[in-house]
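Right, one structure below, let's go through it.
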Amino acid sequence: MSFMRGWAKRRYIDLDNDIEKRLTDLIPENMARRGRITIDALLAPVKDILNRQRFPDKPLTERQVELMLTLLSSMDTDKDPGAARVGEREGRTIAPLLDRLSAGFNHGIGRSGHLTAPQPKAAGASLMQQVTNHVALDAIRRLGLENVRAAIVTPLSTGMSIALILGALRRTLGIKEVLYPRIDHASPRRAISFAGLQEIRVSTILEGDAVQVDLAELESRLSKGNEAAVLATTTFFPPRESDPMKDIAKLCAESDTPLVINNAYGVQSETIMHSIRSAIDAGRVDAVVQSSDKNFLTPVGGSIIVSPDKEIIDSTAETYAGRATAAPVVQTLAALLLTGHEEYTRLRAEQIENLTYLRDQLRSVADSTGQRLLEVKNHVACAMTLDGLDAREIGARLYNLRVTGPRVVEKGEEGSSVDNYPHDYIVMNAAIGAKREHIEQATVKLHKEASR
Amino acid sequence: MSFMRGWAKRRYIDLDNDIEKRLTDLIPENMARRGRITIDALLAPVKDILNRQRFPDKPLTERQVELMLTLLSSMDTDKDPGAARVGEREGRTIAPLLDRLSAGFNHGIGRSGHLTAPQPKAAGASLMQQVTNHVALDAIRRLGLENVRAAIVTPLSTGMSIALILGALRRTLGIKEVLYPRIDHASPRRAISFAGLQEIRVSTILEGDAVQVDLAELESRLSKGNEAAVLATTTFFPPRESDPMKDIAKLCAESDTPLVINNAYGVQSETIMHSIRSAIDAGRVDAVVQSSDKNFLTPVGGSIIVSPDKEIIDSTAETYAGRATAAPVVQTLAALLLTGHEEYTRLRAEQIENLTYLRDQLRSVADSTGQRLLEVKNHVACAMTLDGLDAREIGARLYNLRVTGPRVVEKGEEGSSVDNYPHDYIVMNAAIGAKREHIEQATVKLHKEASR
Amino acid sequence: MSFMRGWAKRRYIDLDNDIEKRLTDLIPENMARRGRITIDALLAPVKDILNRQRFPDKPLTERQVELMLTLLSSMDTDKDPGAARVGEREGRTIAPLLDRLSAGFNHGIGRSGHLTAPQPKAAGASLMQQVTNHVALDAIRRLGLENVRAAIVTPLSTGMSIALILGALRRTLGIKEVLYPRIDHASPRRAISFAGLQEIRVSTILEGDAVQVDLAELESRLSKGNEAAVLATTTFFPPRESDPMKDIAKLCAESDTPLVINNAYGVQSETIMHSIRSAIDAGRVDAVVQSSDKNFLTPVGGSIIVSPDKEIIDSTAETYAGRATAAPVVQTLAALLLTGHEEYTRLRAEQIENLTYLRDQLRSVADSTGQRLLEVKNHVACAMTLDGLDAREIGARLYNLRVTGPRVVEKGEEGSSVDNYPHDYIVMNAAIGAKREHIEQATVKLHKEASR
Amino acid sequence: MSFMRGWAKRRYIDLDNDIEKRLTDLIPENMARRGRITIDALLAPVKDILNRQRFPDKPLTERQVELMLTLLSSMDTDKDPGAARVGEREGRTIAPLLDRLSAGFNHGIGRSGHLTAPQPKAAGASLMQQVTNHVALDAIRRLGLENVRAAIVTPLSTGMSIALILGALRRTLGIKEVLYPRIDHASPRRAISFAGLQEIRVSTILEGDAVQVDLAELESRLSKGNEAAVLATTTFFPPRESDPMKDIAKLCAESDTPLVINNAYGVQSETIMHSIRSAIDAGRVDAVVQSSDKNFLTPVGGSIIVSPDKEIIDSTAETYAGRATAAPVVQTLAALLLTGHEEYTRLRAEQIENLTYLRDQLRSVADSTGQRLLEVKNHVACAMTLDGLDAREIGARLYNLRVTGPRVVEKGEEGSSVDNYPHDYIVMNAAIGAKREHIEQATVKLHKEASR
């Protein structure tokens, strides 16, 4: 019998008759019935999440999510008033505020050296984590990657999650180096290094304004038995374009080379998700990593790793050394439940509108200041040249004008993912969850600064 | 069948087999069992409160109380996602913060013109209120008034609760005036006036240092059919002593006069509670009012009215005009459950120690400054003369020195509950919940000020 | 210079040099400046509320409101770690959960027998209350009653607030009875009775479908020196229509009779507010009472009393006997700040749309079931006949179908505010904050029940 | 002058005159002053923490800590109502519940690839993190390691923190392997592997009942230029004893070998801390890692890394690949502030009492069941033989009897950190924060099971 059924039974079944009568006396029978109906209706979506562990169509309310988290964390042994706790760590906290800061998951998640191993002291946290992994898997599948089969939500950044996967690949497949089509971003490179692997940078080439991986170079470096993995990227700032996932996955399949896809903020884009799905169908993809905050509007700190192969997820989970904070997992679960599929679809549509708006605005700034938009395919961001201007100064001024997040790169500097990019430029994003008025304010301020 | 049983059943009983199996797969069977045991053990006291509605021996934890409040407020119709709400008031709130400020009891309590009538839209709040009334009744009984039979926790101050009772007595018994042994305190007098009744002040007399009701005068004013009630007082500042409850209750019994006892902060004292119990046994007592914050360390705002006669409580509940805020009721329930009988007993013992300490400290201040303690029976406070000093100035200085709550009365001023009291004096309290160090600091500062 | 900016500056700049240097070392100067700007911008609306005490145009965020409440409650002496507390009540609480349940306002509001008197132990609560009263006054003025001059937010239901006003009028003007144009609602009648006054019911008459006060009868009962007040009503269920405020106010002016207006849920309607403003301009209005929850979507429990005459508000505040719960006041403040004028205007427009929709829906139900709409002027509700049907049974069924708030009255029963009303009927409301889909669901269910 | 006092003053005094007058009218001057004093006194410790960044002697209250966290998180740009946010990640959240789950630190901590780099979008989080690191450093210094100079609180388990340090050592010093005196615990070994390093296990030997590192073997493996680091351990379960830190540090100094100390739960023991301090003084220690939850009673998830060398901390911080969750850092800060030095000292004394009690209890169980205590030096735990009994079965039964945390090892199995340990045994802990009654219950249940 399921433990939830058992739990429910135990809680209330043994009320003695006398009490029953008293309760009926207090609250008229039809009111009591309405009370039952209300709480049943309120809890139905919670029950559904616990049972089916799916990404909901409609969002749950905050009350429902909080109640679910409270019930789950109440199953951990640090809540058991009858437990005799003689371990060296027992989920003890110095004051109740800490329980609130952890949503009650004081035992964290995982078991020494295995992120998803059920923790005997923390049945509730273990269940919470499993629900999260399943809901996240369902969300990623419904948002485009129908062909993945397993997921884990890690309490780690995208970069650290990549390190975890690479560590697992080294342990299981003996890889020694990582072919990395150049992206001028520190985190993934640190991830490769942290996992004790050699980074082999694959060059990029300039195609018009766009910076693309040199696919021929990548191909030439791939061969069977080369003890390498490939780390390819879907989302980065223009002028860098996405790596051609299907082509790379085919090359990896042919050469028996593992492929890890850094899909940091690609879930928001149906097109990007489609390209990954095709890659999985057509070739070899070992794991795809996405940020929980960039895609699902949680606080920073978690990632979702998915794979067509359950074993890769398992060996990745086994790479984490110790028990981990539950916070990013709880936050990801809450965000998924508070969003739901319909609202996510709406947010995606809004993102596309905002990107169009950003492009129009930037084009108009460019037209009136003698600059131009860079012709680059990008599903989240847009770039405009700043040639002949003091780009660095413009960036600093925008920061002081409370524009957050634009990226300014000067000709010849790191940042464009290619040597000697021929323009100074600025990048702005229309990411999921952004507000149209923010784009308006940012571009108006840019206009002023670029016209000085 | 009880609605709680029904509720529980509905929530989980219909899980299909497939799901059951998945859950068992996720969490090893023995862990799931431990999870059940933990949550059962955690919820057992909650269940016990809901079923037996008694003042617990051991305190519940904050988690238990919060969970109970969440479950109860989840039964109100404003939480029902399937309700179609077409009333003029539906527990709607402008933002989730308000639900947190109300602990979810957005419908308040009561039904137009009846504080304890079950509210069809608010089964949970109705149940919460009934539980509160029963737990409070049990607490008052176990803390000394075994002979009361009904209680209501009102969301009103002690004074307003007295007004409510007096209003009910006027409506049911036709009383027109209230004999009030003089206490120099505004609230009860306003209560009499608010209820549209005539206050007949009964004089006090000086017995040594003590101020006592003139029992002979009270007796002379009592007679059958006099359309009066008596409002007597157990707790006030020295030099005023408690009214002799047993004597007054006997006089009231003889003259068929209703007696209301203002027991504002008397629950903390076993002696006072004993005197009221004796009064109930020996004569006539209609209602006893106590402050929830002064006795049970809740935020200010609620009272507990008890009576040996359930009908008096009912007619009092019917005197409130409208639906009321649930907050003071929720707070009183929470405080009772977070305390429990054993801890209350400990707090009472500590109060006695603190009072002794206060007396010793004040005596020592008096000795060294040429003053003396007033010889007055009082179970909470203690008074010292300030003859020959600028009493008012000392009071002001103590306030600025962050001593809160001392009471300074100058010779001949209102405050001593008698005309022409022959001393300037200061009163300090050692009330339940006070800290010994506060008494120390306050008396040290007084010593400094009185020695200037 | 603004105080918040000053505060922020001092945090980083007035620190002694050693510390300053360390901080500057830690956080780059331009970042620290951005941090200051952010917190200044976040707190600016809070500061504005504290300084100007006005109903804001734009809503504050929950974070802003919570921060403001925390800062205010932090000024009460129970938060002072250096206070020596020797009173009989000191805002002590048995556990931190209680502080959360009270938003930290453990001292409540008021001072014995005066609701708005500053409480020396609770500077923060006193300030909070004053801010609330001023913001509420500004809101009521901007929402239609420009000619009122004072307001108090009471922690009491509309009915109890009416009792408070009537008590004050009795004390100050010596009124003995209340002329009450008949409304079949228990609370106001209990209020009159609670205040120890005689209710003189003024009859109603039938005008077509509508029930209206018999103005001639009212006029005939009014005369100078009659020791009466009038209690008139703006909002009730059809078929009862609003009392003609301007006419009544003129009659009251002519006869020197105080007029109290029960405007329970009239703030939502510009038309009703306009009629009251005209009444104030044209005649005598002493006080106007409105529910905080019915108009401003707070939890049940508070009222807003306004008056063109500050003294009436003062004497009303002095009628409350004791210190009161702060909760409904805090909730009202929070709701006002979380709404703001622009959003309230939007809600009002939506209410009008919903009322039109309700009327259309009910008319269509009526048409298809052989019933008809009652022709009655009402700004919130709409009524349909149920002639020839089992009205009581329909009401019960709707309750079980989770339709909350409809009102069913059978021919000849209390409820229509007139003797022998010639129809069975049902009332539904489209009150402020209601959702269109609720109206849809309710009327669809009614259609089914009325067609059986 | 203090900034908080300044702030308070400005609130009431620098306001322009009109407002000032209104406020003074509202709240009597002396009350306003008391309000200021209260809030100043309440905030003084908060200010002190922000300015001096030290481990406090006295604990802060929950209100103080929450207020501090709110103020800090209010400095992050996602709170700036005037910011135009056009980055790809902007601390956006789908619903307010998420802000509560993150205590408002939606931006997390760190900057791509550097855990302690100030994040321009998150001045508040950056400051919070720096305060945490400094407070943690001060705590570790005052609790025994006066000779460390830098600290970082990581949002990672002890094992992952070890991996981070080892990764930094590989990057900066080119180490390739880790000499690891055998401990039968998965996490540290995974850490070594995750960092891409070779584990060289150093054998242990049996000395009476105790298992100790074979120091001779370790010495023989150490030599200059060997590209190795040593990972030594202070805390593990008996029969394993702590590694002799001073000796190892001397060997490491002689051979220029980096030494990392896994001090997972050693802060609770003055003796252990003393041994590490001596090691630092006498030889080479690169970094010491301690769990935040095991030592400071936070929820699981963070570690504190300290070093005598600031550069090691810096390079460790640079090894994390990406931005990280703020939650474990916030929780560690809160725990440190809610404890303070005096309370920690008390907890340490209690831990020693509990350990003595545990030993006495176990000895008495052993005596009456024909077993004996293992003679092993251990500052947290105690072990008893289970020879001739079914140890595994006893462990399973204790789990079902709700004894959490005991460790049962059978003869010859992994767990005793040596090959062929000659006893079955059970370990129980008296860790900091444990309750005496838990030890009592656990040993009573063990007695019952061992006597069957």
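A, B, C and D label the chains in the order they appear, each numbered from 1.
One rule holds for everything that comes next: a contact is a pair of C-beta atoms (placed from the backbone, for glycine too) under 8 Å apart; a residue touches a chain by one contact, two chains touch by 3 or more.
Not measured: the values here are computed from a predicted model.
In this assembly, A is the chain whose CA centroid lies farthest from the centroid of chain B.
For chain pairs B-C and A-B, the one joined by more C-beta pairs in contact is B-C. Centroids built from CA atoms put chain C at 45 Å from chain A. Chain geometry summary: the mean Cα position of chain B and that of chain C are 28 Å apart. If you average the CA atoms of chain A and of chain B, the two centres end up 52 Å from each other. Among all residues of chain B, those that touch two or more other chains are 33-34, 37, 62, 66, 77, 80, 82-83, 96, 99, 120, 399, 402. Within the complex formed with chain D, the chain B residues making contact are 30, 33-34, 37, 96, 396, 399-400, 402.
Remark: chain D residues 1, 3-4, 6-7, 10-11, 14-15, 19, 22-23, 26-28, 31-32, 34-39, 41-43, 50-53, 61-63, 66-67, 70-71, 74-77, 79-83, 96, 99, 104, 118, 120, 123-124, 126-127, 130 touch chain C in the complex. Per the touch definition, chain A reaches chain D in the complex via residues 62, 65-66, 77, 80, 82-99, 101-103, 105-108, 112-114, 120-121, 155-160, 162-164, 167, 170-171, 185-191, 193-197, 235, 237, 265, 291, 293-294, 296-302, 318-328, 330-331, 334-335, 338-339, 358, 380-381, 399, 402-407, 428-431, 433-435, 437-442, 445.
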